[in-house]
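First chain written, first letter: the chains are A, B, C, D, E and F, and each begins at residue 1.
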């Protein structure tokens, strides 16, 4: 079960195919609306999935899991910010924007991990799905607070954060964090999944579950192309920063695995999932929020890091690694 | 051609995350008509492949009379000074008017 | 079974989620081609569904149902036109264009009603699916005749109706009514469903049936956003006209329930469906036809009424109401 | 630049329901080349979100010589007088010609 | 089983519906990205399907089938080129571009044939799926070689072929043939299907198999509209050339049926499939390759021929005909 | 308006198969910014419905200074002489510049 034969799961291979297609400069072209449609479908499906699980979850464990999700969402960006600022590779505002991405999560990575565990017959707790839905928002809030703090440090007019989103987002930071499109879709679908009677949810099963893995493969094919396009940009941004895109997930995974295995007492599967959540960086929800509220930051930095470096690293190398880490921690603890 | 009325065409290119910011700006300036195109592209802020919401652009066209241009340019400039990645340009257009 | 717990079905909740997302000004964004793709899929699926049912229907009842569908399609627009003109809130041409929408049907509302009945374990006859396919065209024809008649009353050149579609639609009105894209797709799929041997249709079952409910939820999520965008417009158009968007479906539902329960002797499920058909207003097929052939009418009036007022009213309030109405009528009659 | 030939660019914005009406109009006027973009927007006829066929716009570009412009404007004007919601404008374009 | 009742399969009827919709000038409109999404889905699904079969195929027969696929891909374009040049209806460069299309294959036609065989309960070998994936590239290579040769004959600067794709395709012809988007997707999916353990592929089954037929019907609906749009162009291009679009598939089918029935000893089903491969002309992979590398050829000629004439001919008339041809050849041989 | 800088807007329309050829051409000429729109259309090379990759067009916009225009036109002309179906035109644009 060990070794890279673990990687021979369709989701990872389609990611690799897309990556390769772009690297060899194939003219394979995805229609833009297909990528967007697939990401909406995946958020809806995973939200419902999580909601159904939440509906039959142990309430105490669920609250426990949500608490730790929020903790991770608050802690990881601060950690990332401190590392980035002290590395002196980026200014404080770019550091804040990047940090927010690493406190949030990548649903694509999470679902690949799910496919990986299922492929290997490893059971996992469902609480991490709930954590996934919860973790998007705190990281955005912290990112915006860090940006506001950096602006004050840099002497930029403090009302800027407010006016940055003027006309549209009067109540500013919280609005940005909780009304973000993917947060609304994921959380909304989760509520629907939790609230509707299971017999009535059954009609959604083929759409939300049966064709899920195929749609994920198609999505990852596309994301492979996106990642390959961006990985080339890392030269422009310097090796030190690119290294951050690899080291930060490792640190995140360790913290996540400790939270999953020890604080939450999950098994190997669930612990792997929490490690993956902590290790992954958002490339759906956070970038638009940062675009709007931290316009001073350079989008190509945070998109290249999260989509071009951390995402492929996690999908190809990270997941099996975090799985072993989870085995070690759960094994040591038991 | 008398029925062709000389006006200005303002084009704004930017990330789709700014769509509402820009259309709200128009509304605040009393402009209720615009046309919006989905776009991709590339620039100093990297490639914008149009694949995800995070890397899609929009191209916004506004036909307007010359005297309304400066107020809008002021606002766009303000957004750009804050760091937003926008391209804006103005050109002449002879607009068909009836009556 | 009574009470609003009935509304806890996924289709309605996704509609509400989309509505809410827009109301709170979330930046949830649908790719434009996804909405269009879903409406094509739904028309195809419902057409096939209806066709398969038609293939095994009692011919006499089917003819009977078609007859009443045509009657409703002819009667309702005339009723709506008279009400609108005598209300003096819109001119005769706008009245004609709006009236056509209320004679036609909304496939989205119909499918939500279907989901509602199935969720509540209520059986229903399949003839209403056939009626759905039939009802689009007569309403368009009547709408165009009413518009022509209004133009003559208003003294507008009578050849206008012909030239309005010049170059493209030589034979005018009928062409507009029967070659409308969604009419062709729905009727075509129905013919295919009726004509092909059931064993050969089986291969389409997973696509057309199994994933249907999920696709409907995604579509309604999107339609919720559309409806919320337009409901705000109702202030501009005046309360009286907005009231029409709520009262007309109630009147329509009553007429439809009488047709379904008495003229067609359907059970509670089938009667509810006919009431829904009569109550609903088109927002797919009729608007483009009116755009082309009654350009004098203001599209924002008829789109706001059908998509922004009548559609959400029917989905949230109407369907359970029409269900009780059907119970009352069928109960009284039996 | 001698190879750049001064022509006109006619842009027409309208509901997608008019696509065939407009392209047929071009054909009737002996114009066989055009470029079509999918658009959304807003105007006096309300928001056009581009989500359904009923509320999608098109933007039609036609490069043509100046003398062909008036005949087309006549037809567009006629459509507008009938009530169709169209925006049309003309601008200058220097078109690359070979030979 | 014989006679045109064979045509009453959904895939063919949806093609006819699309065709008819365009002929009667219905305003049925497909969103552009739906067509592209469906063709990506179909290539992915058929690739996986073929790969899974390849994974359990007899290696010797597979090699045998690949050999004959390459032979067909090399032979058919040369034949088409000679016929076209000697007909004097098109110049040598147009002949080369058209010829490449006929050496390649149409996945849409192939899948319709698959639906036809399954609908009629006819068993077929899976090797033709492998041949489908293999046949795209050789035809492109031969097409480009024929074009280069034509250019030399016409005295056009011989380095043109190289510079035609300058900046992007340094290694020219082979790159064009093997890195073509649809070749990469089809071959990549096939490798994934062959390499991944069957238990792990099972999760993809609903997406790749169950909903396949419905997605194919939707795709063919759209292709019917495309074909109808182009069939009108055949008048412009002359009857002789249009005839080529009907005769070349017949010749191809005969050669293909001989290869399938005799050289490869397939049964009636498999032989029909090979005939269909040889008879069909590409309208997905080859046109962009020719656009880039043989810009002198007129795209409307080759697209009209392959999509407007040969494709509908094969779908409506060809497939049942090739089926009988296969019966005759296999019957005579056994 | 001093902040409006007179530049040129180069528009190129062609089959989407040429996307990379054209963006590579820009890169080779030191131009890293462009905006790309998906289009359909019709012309001498037949209808381009936009339904499949084979019959989709792109519309490429490049804002650039006047002196960079000729070099690009040379390359586009070269592509057109080889037979590629492209339309290119140049117009004036007053581009908003900050600082």
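As a working rule, contacts are C-beta pairs under 8 Å (C-beta built on N, C-alpha and C of every residue); 3 or more make two chains touch, one makes a residue touch a chain.
The structure displayed is predicted, hence computed values, not measured ones.
Homomeric contact chain B/chain D is classed as different-residue, with under half of its interface positions used by both copies. A centroid comparison over C-alpha atoms places D as the chain most distant from chain A. When you average the Cα atoms of each chain and compare centres, the chain farthest from chain C turns out to be F. Fitting chain B to chain F on CA positions gives a rotation angle of 120°, reported to the nearest 5. In this assembly, the C-alpha centroid of chain D lies 37 Å from the C-alpha centroid of chain E. Centre-to-centre separation between chain A and chain B, using Cα means, comes to 32 Å. Between the Cα centres of chain B and chain E there is a gap of 44 Å. Centre-to-centre spacing of chain D and chain F amounts to 19 Å, using the average Cα coordinate of each chain.
Counting only residues that touch two or more partner chains, chain C has 25, 27, 29-33, 36-37, 168, 181, 206, 210-211, 288. Shared interface positions of chain B, i.e. residues touching 2 or more other chains, are given as 17, 20, 37-38, 40, 44, 50, 53, 91-92. Here the touching chains pair up as A-B, A-C, A-E, A-F, B-C, B-D, B-F, C-D, C-E, D-E, D-F, E-F. Residues of chain A that touch chain C in their complex: 31-33, 36-37, 40-41, 44, 168-169, 175, 179-182, 184-185, 188-189, 192, 195-197, 200-201, 203-204, 206-208, 210-211, 288.
Residues 15, 17-18, 20-21, 24-25, 28, 38, 40, 44-47, 49-56, 79, 82-85 of chain B are the ones touching chain A in the complex. Those residues of chain F that touch chain D in the complex are listed here as 11, 13, 37-44, 50, 57, 59, 69-70, 73, 76-77, 80-81, 87-92.
Those residues of chain C that touch chain B in the shared complex are 25, 27, 29, 32. Across the complex, chain C is touched by residues 8-10, 13-14, 17, 20-21, 24-34, 37, 115, 118-119, 206, 210-215, 217-218, 221 of chain E.
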